[in-house]
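Some structures to go through are shown next.
Both complexes below contain chain A, partnered by chain B and then by chain C.
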Partner chain A sequence: MGSARLYAAVAAGGFRRYATYRAATAAGVFTNTVFGLILVHTYLALWDERPHLGGYDQAQAVTYVWLGQALYATFAIQGGGVEKDLMARIRTGEIAIDLYRPADLQLWWLATDLGRALFQLVGRGVVPFAVGALLFPTALPRDAGTWAAFVLALLLGLVVSFGIRYLFALSAFWLLDGQGVSQAMMILGIFCSGMTLPLNAFPAGFGEVLRALPWAAQVQVPADVLMGEASWADAFAFQAAWAVALLGAGRLVQAAATRRVVVQGG
Partner chain B sequence: MTGRPVAECAAAARPWTPEPAPGGSRLTESLRTYRLVAGMWIRSTMAYRTSFALTVVGNLLITGLDFATILLMFAQVDSLGGWSLPEVALLYGVSATAFGVADLVMGSMDVLGGRMRDGSFDTLLVRPAPVLAQVAADHFALRRLGRITQGALVLGWGLVSVDADWSPVKVLLLPVAVLSGAALFGALFVAGASFQFVAQDAAEVQNAFTYGGTTLLQYPPSVFGRDLVRSVTCLVPLAFVNWVPVSYVLDRPLPLGLPAWTAAVSPVVAGVCCALAGLAWRTALRSYRSTGS
Partner chain C sequence: MDGTPGAHGDADADVCRDVDGAEGRAVGEPAGGAFVEVDGLEKVFPVRRRTGFLKRERREVRAVDGISFTVGRGEMVGYIGPNGAGKSTTIKMLTGILVPSGGRLRVAGIDPARERTRLARRIGVVFGQRTTLWWDLPLIDSYRLMHRMYRIPDARYRENLDRLVELLGLSDLLNVPVRQLSLGQRMRGDIAAALLHDPEVLYLDEPTIGLDVVSKARVREFLREVNAERGTTVLLTTHDLQDIEQLCRRVMVIDHGRLMYDGALAGLHEAGESERTLVVDLERELPPVRVPGTRVVRVEGPRQWLAFPSSQSAAPLVARVAAEYPLVDLSVREPDIETVIAKMYAERSDERGDGAGVDTPGAVR
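On to the complex of A and B.
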């Protein structure tokens, strides 16, 4: 299993790279905690007026806020994951070196991104979540099985998240400048993943549409799995289907894109 | 003879020479520096006009997400913390417009940490121009007009649809609140920049106060716990950006039971904050040790 070791090493590299900037990580933890504190109060005011909005009680709404803050960096919801590096490498032409490597391009970047996400989860996610759980009543499960299911939902969500960002990044083969694409990705990411408001609290028809889109796999589905609001089979099937579809689409676009690459030499 | 006469070179170089202008013109000098640096960044942005137009629209949409959230909430309820949608829109409009102005004028100061790390900050120090003006105008981003536009639109809608008992004082209070709010947020940006001298990689901490602050102010004070309201009134006096003046305009009790006249002290609070931020900046700048690279 030489290739498995290769991708494990790549993922470890991704982890180490993000683990290097400790002060920046601490600053991120602080900021996520402050935003969590603000959002919790606004959600509590909302759920005060409309108890059981979207099927959540107050403790579940609070849990949802802190999960969102904990997973914000992990899922790179506003961008800033490996797709940023990938876009830069496509623009500068360094992508030619990546294509030359005896490794699969998509798996290479997926491994890097999983390493990054694991660090963001441990380094940036745990502390805000713990602070939230200490200060406010939360709805957390007591059985290990649900936590295991939550971890699996996170992993599947990460693959979906990468799948989305990989497709956006590949557009740089045609557009070269990724600024507009990054902006679009950020808007869609924040809104459609349920970072602003849980998708089940959206007005009915609109919420239904958003919950069918891949972004829902990132915060909404893991949160529902953790809080016992979704059947595991449905949740995993939804995430896995989007993961396969997005990775497949990524391969197709990648094949079309790499046919365009002309190495000028130098 | 090649090369231009000395006098002509001196004339060409003049924009950067500190003029011994009469009458305490450090401010004039700062403004001129700011104008020159910002103008340079605008020219460089305008080289790609379509890209500029698109990023303004994108900026407007991104900042609009905050208000979209509020609209979604009001799709489910009629009031939040006892405040109606037009009233919340008024809070939002004042906070977002004030923050937008500060963000346009000072908002790129988070690149300071990076400049210190790579040594390019030293270049700013040897130029005969005020450092703060150079740093504030660094990476000047005209696309931030998007945020101001979005905030002003919500403010306008809030003004038209809110049910308030207008008086000349109240009408005057709103522009004063927006300007004082911009100065207050500006002071926060300068304080954040000073903090970067101590913690270069930790630039994100200031986001908790700047972006976090404007998010906080978009909701009524009644939504938050008393301790939180107390700390943003007394510690970091953000409440004077909109909570205090807008509560007065709407004839609501002022946060923490403050007396009515405090609705007018926003400019004073902003002035004190700017002075403190200026002091922090001077202290930080004096303590700066170059990396030497």
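On to the complex of A and C.
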């Protein structure tokens, strides 16, 4: 109970921390909207040539684009979530302060990241999505149940997203400099989450591999849940399995890191 | 416990326990006496060094090399030594974020490495060069987080916050984002954050580093008060000898991972046979000043440096120089801690007669 209040307070802090950067948020909204417009026209051209590519019709393809833009910052697909702060703290040794606290390191950062994601969803996601839905025909559900399922898929996707980024961030304990890792994370994230193209549009074998990887839990799965293209049970099971696996792995790596690696600096 | 100035401190600690009520002492903690017990503590880091193409040499660095001491409840102890002496490593082990390679360690009866989280509720840590505060958010947000993190009862939280805000002059700063605070303000903010949960022991790592004279005085005065009124045990790491002089009756000196000295500050100067320096500005260039009890160590134009034992008062020397020489200005310089320790270390090695440095670890950062 006490812990729940602590992590709620941490999440609230994460939300407010990202809310302080108003200019960055405005710039992000603009970028995502413009990018969405470009991508929508590209997709429409593609779907003209190949109707029902990946099993989507044109309205679904358009919806997919705007969902991707709306969730881009929320899932921190190219990085820029709390893993960035965490890597910096490991490099400078400030991580020592986090370790002095009577709190769990992983839960602390997860809570911060969920707070951040909620802000990014509201602050950066809603406007591009609304613009897209106003300007283009989209395929959005009318029943509340699907929307509720979508919210759950988002939440699970966020935990998976955090799980991936947390593992990458912890590598800084050994590598010290997180630049290369961040780049790898960004490229993998953009491609494997289905940001560039829906994963079901890829050729069978390759597409199946991509859809089995944890990144798929981020854009692809929530989009399919929202557009009624996936069974809820399968989608949630897939996301939850990866969430548990990644958080578990994060715990193991964290234990190894804090036990064996020297905290930097005097 | 062992003749260290802990007796008075223990009386203070009793007051603290009354205030703390039920949380004052945990089960299994030894009654009275030593609050921090360190016995033969060691920390060895393996270091790999390139010695050539594809060749690597594995060596061990003994950052802490068999340290033993105890600190009683309510004591205020200075923990000093040059950079890389092992101070921070010791503190990290005391707080449980580093696991010792050897030796025994108890803080409030708890083994820090095993029960880091449980211990964390009872200790406060302040780093001069790092902050626990939420950088982008107003100061008060960080305090609210402490409230939840340490599960401080609401009434107690409000009471402590009010008291700390008043004592540290933070009332105008509570709604200012931490990144906009000056170093001195941030430091005061950090100290308040570390004390909101009434820790029984406070570890301070360079709490006055980079602060101006006024801020330093303010921080020191506050620490004295916390120690005297709340009976908080304080372990202070610093390079600033004045911090120690003004706050601690007891000082521990560590160098090369070993405890070189443990006792009163005055004794440290004696042990190191340290010297203070009288810097004299004369009206013109003159031959070296001759005053009994001093020796001129340096002359630069009209300025001369006179060394004299730290144990001796500067007043008669000043009077004598002023009476006999055309004096323009003068100042007294305290010996810096590095010099005192370096001297002490050299002497110890001489005493043992082990010039080869058997006891000197091969490499210390």
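Some observations on this one:
The criterion applied here is as follows: the second predicted complex is superposed on the first by the 260 of 266 C-alpha atoms of A that agree within 3 Å, B and C clash if a C-alpha of one lies under 4 Å from a C-alpha of the other, contacts with A are read in each partner's own complex, and residues count from 1 in each chain.
Just so we're on the same page, a residue touches a chain if its C-beta (ideal position, glycine included) is under 8 Å from a C-beta of that chain, and two chains touch if they have at least 3 such contacts.
Note that the structure is predicted; figures quoted are calculated from it, not measured.
When the two complexes are overlaid on chain A, chain B and chain C sit side by side with no clash.
More chain A residues lie in contact with B than with the other chain of the pair chain B and chain C. By the touch criterion defined above, A:A73 reaches neither chain B nor chain C. Once the two complexes are overlaid on the shared chain, A:L46 sits against chain B while remaining clear of chain C.
Contact with neither chain B nor chain C is seen for A:V65 once the two complexes are overlaid on the shared chain.
In the superposition on chain A, A:V221 contacts neither chain B nor chain C.
By the touch criterion defined above, A:A26 lies against chain B but remains apart from chain C after alignment on the C-alpha atoms of chain A. In the superposed pair of complexes, A:V160 makes contact with neither chain B nor chain C. After the superposition on chain A, the angle chain B-chain A-chain C between C-alpha centres rounds to 90°, nearest 10.
With the two structures overlaid on their shared chain A, chain B and chain C come no closer than 11 Å at the level of C-alpha atoms.
Chain C makes touch with chain A in their complex at residues 45, 83-84, 87-88, 92, 95, 97-99, 116-118, 120-121, 123, 125, 127, 130-132, 134-137, 141, 144-145, 147-151, 177.
Residue ranges of chain A in contact with chain B, taken from their complex: 21-24, 26-28, 30-31, 34-35, 37-38, 41-42, 44-46, 49-50, 53, 177, 179-180, 183-184, 186-187, 190-191, 196-197, 201-203.
Listed in rising order, the residues of chain B touching chain A in the complex are 51, 54-55, 58-59, 61-62, 65-66, 68-69, 72-73, 75-81, 199-205, 207-208, 212, 215-216, 219, 222-225, 228. The residues of chain A lying in touch with chain C in their complex are 2, 5-6, 8-10, 13, 16-17, 20, 92-94, 96-97, 99-103, 258-259, 262-263, 266.
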